[in-house]
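Down below are the structures I want you to see.
In the two assemblies presented below, chain A is common to both, partnered first by chain B and then by chain C.
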Partner chain A sequence: MLQLDNVTVRFGGVIAVNGLSLSIATDEVTGLVGPNGAGKTTLFNAISGLARPSAGRIVFNSVDVLKAPVYRRARLGLGRTFQVPQPLSRLTVHENLLVAQRFATGSIDESRLREILAFVGLTEKAGRDATTELALSELKALEVGKALATNPKLLLLDEVLAGLETVGKRRFMQMLKDMHAKFGVGILIIEHDIETISNLCKRVAVLNFGELIADGTPEDVFRNPAVIKSYTGADHA
Partner chain B sequence: MNARSVAILLALVGMYIAVPLLLGPNLYVMSLLVASIAIGGVALAWALLGNLGGMVSFGHAAFFGVGSYVSALLSMKLGVPVFAAMFLGGVGAAVASIAMLPTLRLKGPYFALAILAYAQIFRILATEWKSVTGGSGGLSSIPRLPEIAGFDFGSKVGNYLVIVTIVLIFALIYERIRASHYGIALRAMHDSEDATRIVGVNSTFLKAMMLFVSAFMTGVVGAFNAHYINFLEPDYGFSGLWSTIPIVAAIFGGYRTILGPVIGAVFVYLIDQLVFKSYIPSGHQIMLGALLAGMVLFSPTGLLPWIVEKFKRSRHAAA
Partner chain C sequence: MTELILQAIYSGLLQGGSYALIALGLAVVFGTMKVINLAHGELVLLAAYVAYAVESAFEVSPIVAIPVALLVVCVSAVLVYFLVDRIQKDRELNSLILTYGIGVMLTNAVLLIWKADIRSTKSAWLQDAVVIGPFYSMRSELGFFVLSLVLMGLLWWWLSKSWYGRAVRAVASNRDAAKLMGINPRTTEIVSFVVAGILAAFAGVALYSYGVIQPPLGHALTVKAFIITVLAGVGSIPGVLAGALLLGVVEALTVTLLSSALQEIAGMGLFLLVLFLMPNGLFGTVARRG
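Right, the complex of A and B next:
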């Protein structure tokens, strides 16, 4: 269970996340949505340790991780992908997964790495340079593979479907559904596409201007007037 | 035995048998060779920090100076055996590098500038701490390398064999680190530090380790040098030349490779002392500058990668 209590993240005078409280279960897929600039990625940064909250508490599986460095949070089971894929440079696809597994779990399990490579569809590309020899869909798959190799309990997926064409998106979505079942990992996913979120998640949280404005099932949330207003700028007719 | 093993064997025979036999009687050339390999050792340590730690240092003179003073003082004042003192000189330099840990959060030119400032601080400390270091007057009569089992390591050939062995051990350590999981993670850290941290890599710890290893290596070479020249003063031990010449050598030889910096140091130093100096006794460094500029323009990756590429092409053409 990830528990956020009154989390606030400021950048100078700008409040990117404002007193946010939220609980995320590690046995389900939860959506995090909101208009551009709502604070979704900043919240991911705060959870993973790349941004330091000015107030609040972040507790993961009963461990207060607010002051824990980024690498320690990964070792505790908080995995994460980036909106713009960030492969480990100068390494092959296999080495990317190897580094993730070795440093997050403390050991190497090649059969598990092969299993992950097959799952994300990168077996054939294992020896390729991750920075220069992969297409966008493969880079996105590598992001997920890398995160899986850390053996996460909760995986933060930041717009992992963005930029993919329709067929690729559908395939990727199936992969995310299977991932939850196969690896037993909880997922918190940022996504703009309402259909995708409705398909994947039983629960959705909505942010606007750094504040939580709705939290519930996709059906309820996407009918919520405050949510509609946050996207359209107008009251629901 | 494959081609690589044959090449390594030939190189070892050349270094440990042919060079002492052929050049041993020529004390001048041997002294140049010893000095160039010592610079190569610092260049290798500098390249390790740059390649694996991702940090460009302009302050290796600090480690060189600390290593030389620690070793000299331990052997002179406490009677520690010279080889043990040299090792402790390296440890001293590594310990001194702890003071530089706050600079690890800096990147690029900011790190380079900060570590340069540290080098100056250590030089001033060595100058002002007169009761221990002898101040600007320095230390003289530093014990030479000992005679063991009838072999005089203090002779020119002995000095040569010691520094060659030290640098070879450092090259092996460098190779082992680079091939390890730590080395793979360090390689990735250069352009994607956040991405490595997010998968559990403690990047600050790894960078600190590389700083310690690089400082230790430089300190041992500094210690060797102190026992080789038997004299030390702050302006010499902490001279900025111990920071800049290894950089020139590493870039010339190929700082991305393990032996490139050593080959670069030997080539640059010997050609400067044996060739350029004979033509332009005063101001011969201008030729060195032109040579480096030419190499950077002609083959930015350095001499060793250029030679390897040529060799591969010629084999490919012959096949």
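Right, the complex of A and C next:
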């Protein structure tokens, strides 16, 4: 369980996340949506340790991680992907996963790495250079594969489907569903596409101006007047 | 004349081995911390003077001083790291000022302890001539060139195959992504400073074993290491070796054909020429974005 209590993140005078409290289960897929600039990625940064909250508490599986550095949160099971894939250059696809597994878990399990490579569809590309020889969809798959190699209990996926064409997006969405079932990993996903969120998630949290404005099932949330107003700027009840 | 030119090229190549070790140390630290350690040449200088001190005090070969130089320079390198690590804001820029200051202090410490006189080894064995075909060199020149190739091979193996080597490459590639993979960047940064210290220690003892040393040498070595990493395009060991050999040859040819007074300017001219014609360096690649 990830527990956020009254988390606030400021950048100078700008409040990106404002006193946000939220619980995320590690056994389900939760969506995080909101208009551009709502504070979604900043919240991911605060959870993963890349941004430091000015107030609040972040507890992951009963451990207060607010002051824990990023690498320690990764070792505790908080995985994270970026919207723009961040492969390690001059390392092969296999080495990217190998390094992630070795440093996050402290050991190497080649059979699990092969399983992850096959699952994300990169077995054939295992020996290729991660930055120069992969297409965008493969880079996105590598991003998920790297995170899986850290043996996460909760995976934060930041617009992992962005930039993919329709067929690739459907295939990727199915992969995420299977991942939750196969690896038993909880998912918190930022996504703009309502169809994707409705398809993947049983629960959705909505941010606007750094505050939580709705939290519930996709059906309830996307009918919520406050949510509609946050996207359109007008009431459409 | 041809013989002179060929001999200059040979001597330049041998000199390039030590330059490569110094430049690789600078490049490893820059890779992990994005910090240009302007005190790196002074660490090499420190190793050279440790070799001189051990030779003078115990009347032994400077080679015997290598373990002492390793200890002194690695401890100094880690101290430099802890000072750089204390910079909270604009580390890339402020570290230039800090490491430049550390370099000045180290040079002055060397001046204070060992005075400004030019020093060179008294070991006749190290200075004995080795003749290979038409080429002459000192035994120490050839020996340390071979040793520098071995050290570069070991560095390549370490970066490619060892866990901490891979962690250093991961942090150099993408710091945030590396942290999310469970890598502690501070540990890899300390390790990279120690590796730079090891390379600097060997290079320093090498320079003392076949050349002359004096306190201002440290600053000149930092400049040379910087030129080589730019020539190579940071990130490749063969590239740094090629850049170092090229600088060594250009310097040696300048001394032979023109004047020893132009040696430093020759390196700078090469640097500006490469910057103008090949901004990514001789072996650098343009990074892919997006």
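One rule holds for everything that comes next: the second predicted complex is superposed on the first by the 236 of 237 C-alpha atoms of A that agree within 3 Å, B and C clash if a C-alpha of one lies under 4 Å from a C-alpha of the other, contacts with A are read in each partner's own complex, and residues count from 1 in each chain.
The rule is short, and it goes like this: a contact is a pair of C-beta atoms (placed from the backbone, for glycine too) under 8 Å apart; a residue touches a chain by one contact, two chains touch by 3 or more.
Keep in mind the model is a prediction, meaning the values are calculated, not measured.
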Overlay on chain A: chain C relative to chain B, clash or fit: clash
A:132 touches, of chain B and chain C: first, second, both or neither? second
Which superposed partner A:50 touches (first chain B, second chain C, both, neither): both
First, second, both or neither for A:150, with chain B first and chain C second: both
First, second, both or neither for A:70, with chain B first and chain C second: both
First (chain B), second (chain C), both or neither touched by A:84: second
First (chain B), second (chain C), both or neither touched by A:95: both
First (chain B), second (chain C), both or neither touched by A:103: both
Chain B and chain C contact sites that coincide on chain A, given as residue numbers: 48-50, 69-71, 74-75, 80, 82, 86-91, 95, 98-100, 102-105, 131, 146-147, 149-150
Chain C - residues contacting chain A, complex: 163, 166-167, 169-170, 173-174, 176-185, 235, 287-288, 290
List of chain A residues in touch with chain C within their complex: 48-50, 69-71, 74-75, 79-80, 82, 84, 86-91, 95, 98-100, 102-105, 131-132, 146-147, 149-150
Chain A to chain B touching residues, read off their complex: 48-50, 69-71, 74-75, 80, 82, 86-91, 95-96, 98-100, 102-105, 108, 131, 146-147, 149-150
Touching residues on chain B, where the partner in the complex is chain A: 181, 184-185, 187-188, 190-192, 194-204
